[in-house]
Amino acid sequence: MGHVFTIAWKDLRSELRTKESINAAAAFSMVILVLFSFVLDIAGDAREFGGGLLWLVFAFAGALVLNRSFAREQSNDCLDALVASPLPGWSLFLGKAIANFALLGIVELVALPVFGVLFNANWLRFPLWTLITCALATWGMTVIGTMFSALTVNLRLRELMLPVLVYPMLIPVLMAAMQLTTALLGGEGVAGDDWVWVKLLIGFDIIFTSLSLALIDVILVS
Amino acid sequence: MSEAALDVRAVWKYFGDYPALRAVTIGVARGECLAMLGRNGAGKTTLLKILAGLSAASQGEVSVFGAQGNSVDARRKTGVLGHGIGIYDELTARENLELFGKIYGLADPCRSAMAWLERVDLKHVADARAREFSRGMRQRLAVARAFIHEPSLLLLDEPFTALDDRSIALLQRLLAERLEAGATVVMSTHQLREAMELATHWALLVRGKLVHKDSRTPEILSDPTWVYRNYGEDS
Amino acid sequence: MKNKILMGLALASGVYLVRNLYIILLQLPDEAAQGAIYRIMYFHVPGWITSFTAYFLAAVASVWYLVKRDPKADEYAVALTEVGTIFTMLGLATGMVWARIIWGVWWVWDPRLTWAFICFLIYAGYLMLRKTVDEPGQRGRIAAVVSLFAFVSVIITYKSIDWWRTQHPGAVLSFRTGGEQRIDPAMEGMLFHNWFALTAFAGVIMMLRLGQERMQRELDALRRYTHSL
């Protein structure tokens, strides 16, 4: 288990030194927020569409970070060095997923206040639920993104295939997160009908984390 | 010493329906230094990848030090130097070695890292990022990474290609040391001269088949192309 | 011999489909609430059943491939997924036509339709992915993993009727409602008839596809061999 954090720390350290994908993701999220502001009438619609908009921003910006995950191992054939080592495949996957989760979290922490300001949305009203929603949904995105990053790392058209494969798989997570966030931003909190979405997020996370851990070795050894 | 270091039995590797390796059977005893020869596309890299656990054989068995080919135990004892150097550009030289030291289960990765940096003459740039290094320095760091856990088995894929003279001398020195300590070395190579100086045995692969394996003789040392002329496809 | 069987099956399923079409269009009465357009259901519902079955079998073939690494398993997986995708497109098309007539719009974003569209996107991605990998072993492995991930989404689609309120018509087939007879027996019978016909048709497509994959595999191997000479 210690190796999981060794890998996570390695990825985090590499990324935080260059800040390449984090800067790109943060900048991109700002751009999308501005673009969407032309579409929505801020006064009325932010309540209704704010939740949806926010997670679209996170999904698009997050893809930039997730794509790099295994791609960064490609230069210098570092992936071969790791796979040939005694490090188990699941350790490698989990370490990378944790690092990606942290990086996505940073992007979200940057985007949320800006979103709050630009769209007059109070996202601090239910801090615990907001945190839980973001954590569950972000982990869902991370697991799928990291797994598919590993899957596509050796492909010719990696940059094209990753979004094509990942976004449809993320739709359930995004739907649930959007519904919950809309409820939270609208001031009602999580009640009644919304529990289905929470359960969906938890189920999604558990199922796909297990599936990824089980199948990662198939992907890594050719 | 009865246990062979490597025991490869009737290994086939298919890419689709095309066999890259055909019924390869070879044994490598402990302490041997085997030079794998063959043209490009003969299957040398494919075989090395299978031995390193990067690839799985389609058929046949591979055992490393008596244990199943891909076991954690086997990997811990194996050092791999492939075509790519396996070094993280964003980490410092020290961090790179510490990372691999930890992964390979060294007791004191930090101390081993510093010791090896000194051995490959990179101590003065221990805290500089690998991306700033010259090519020769990166190669030496890669060598340190492969050797840091004092592996009992070394798998090297064309190690002398694209190395500068200093690095070649360093690698030869380190390999000789490891061989003296009882390690086993398997290296594929086109650089016959450098490899044959260290090799105790040689094996020739032709289109995926192991054509011959023998011990190195004085004739080969003085004329390495002898192997190709006598056993290769044109013979 | 194999070709003769294939031709025979194709002919039989063709005849069966034509016979069903005749009964559907000319003999069965209009449905009480929906009028004539309900007949599209005879293709829509069996189409979906065939599609999901194909995806399920593709997932099974993928597991088989991962366990045995048998190239035939991969051939089955791709053939089944293609069949499934064809019938998904048929299901979406027929559903849209029905929706236009009954609800007045071509599309609604209710959970079931949304999930159906997601299925299409996911498996279309699978098929695209296969095209980008040249090496058959790698292609088989990667595709098998994606197929398993994809199938989990398909399961969620199937379950969605139970989880969310939906505008899509609820369960009417007797085996779904637990024996309660909500639908005219003649209509239900025809649904099953058409399901058999469509499945037979799907089988024909699959066999053609399998034959293609096998030939492609041989060609690839020969090509590699000549390159190496």
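Lettered A, B and C in written order, each chain numbered from 1.
In the analysis below, contacts are C-beta pairs under 8 Å (C-beta built on N, C-alpha and C of every residue); 3 or more make two chains touch, one makes a residue touch a chain.
The model shown is predicted, which means the values in this text are computed figures rather than measured ones.
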For this session: Could you draw the chains as nodes, link the ones that touch, and say if you get a line, ring, star, complete or other?
Result: complete
Seminar exercise, completed: With centres defined as the mean of Cα atoms, the chain at greatest distance from subunit C is chain B
For this session: Determine which of the two chain pairs, A-B or B-C, is joined by the larger number of C-beta pairs in contact.
Result: A-B
For this session: From the Cα centroids, identify the chain that ends up most central relative to all protein Cα atoms.
Result: A
Problem set entry | Distance from subunit C to subunit A - Cα centre to Cα centre, in angstrom | 32
For this session: Would you mind pulling out the distance in Å between where the CA atoms of subunit A average out and where those of subunit B do?
Result: 39
Seminar exercise, completed: For the pair subunit B and subunit C, the C-alpha centroid-to-centroid distance in angstrom is 50
Exercise. Which positions in subunit C touch two or more other chains at once?
Worked result: 137
Problem set entry | Sites on subunit A at which at least two other chains make contact | 222
For this session: Check each residue of subunit B and list the ones that touch at least two other chains.
Result: none
Exercise. Inside the complex, what are the residues of subunit B that reach subunit A?
Worked result: 49, 52-56, 70, 72-73, 75-76, 78, 80, 82-91, 95, 99-100, 102-105, 129, 145
Problem set entry | Touch list for subunit A against partner subunit B, complex | 2-3, 6, 10, 13-14, 17-18, 75-78, 80-88, 221-222
Problem set entry | Residues of subunit A defined as touching subunit C within the complex | 144, 147, 151-152, 154-157, 161, 164-165, 167-169, 171-172, 196, 200, 207-208, 211, 215, 218-219, 222
Seminar exercise, completed: So, in the complex, the side of subunit B touching subunit C is made of residues 14-18, 41, 58, 207
For this session: Note which residues of subunit C are touching subunit B in the complex, please.
Result: 69, 71, 135-137, 217-218, 220-221, 224-225, 228
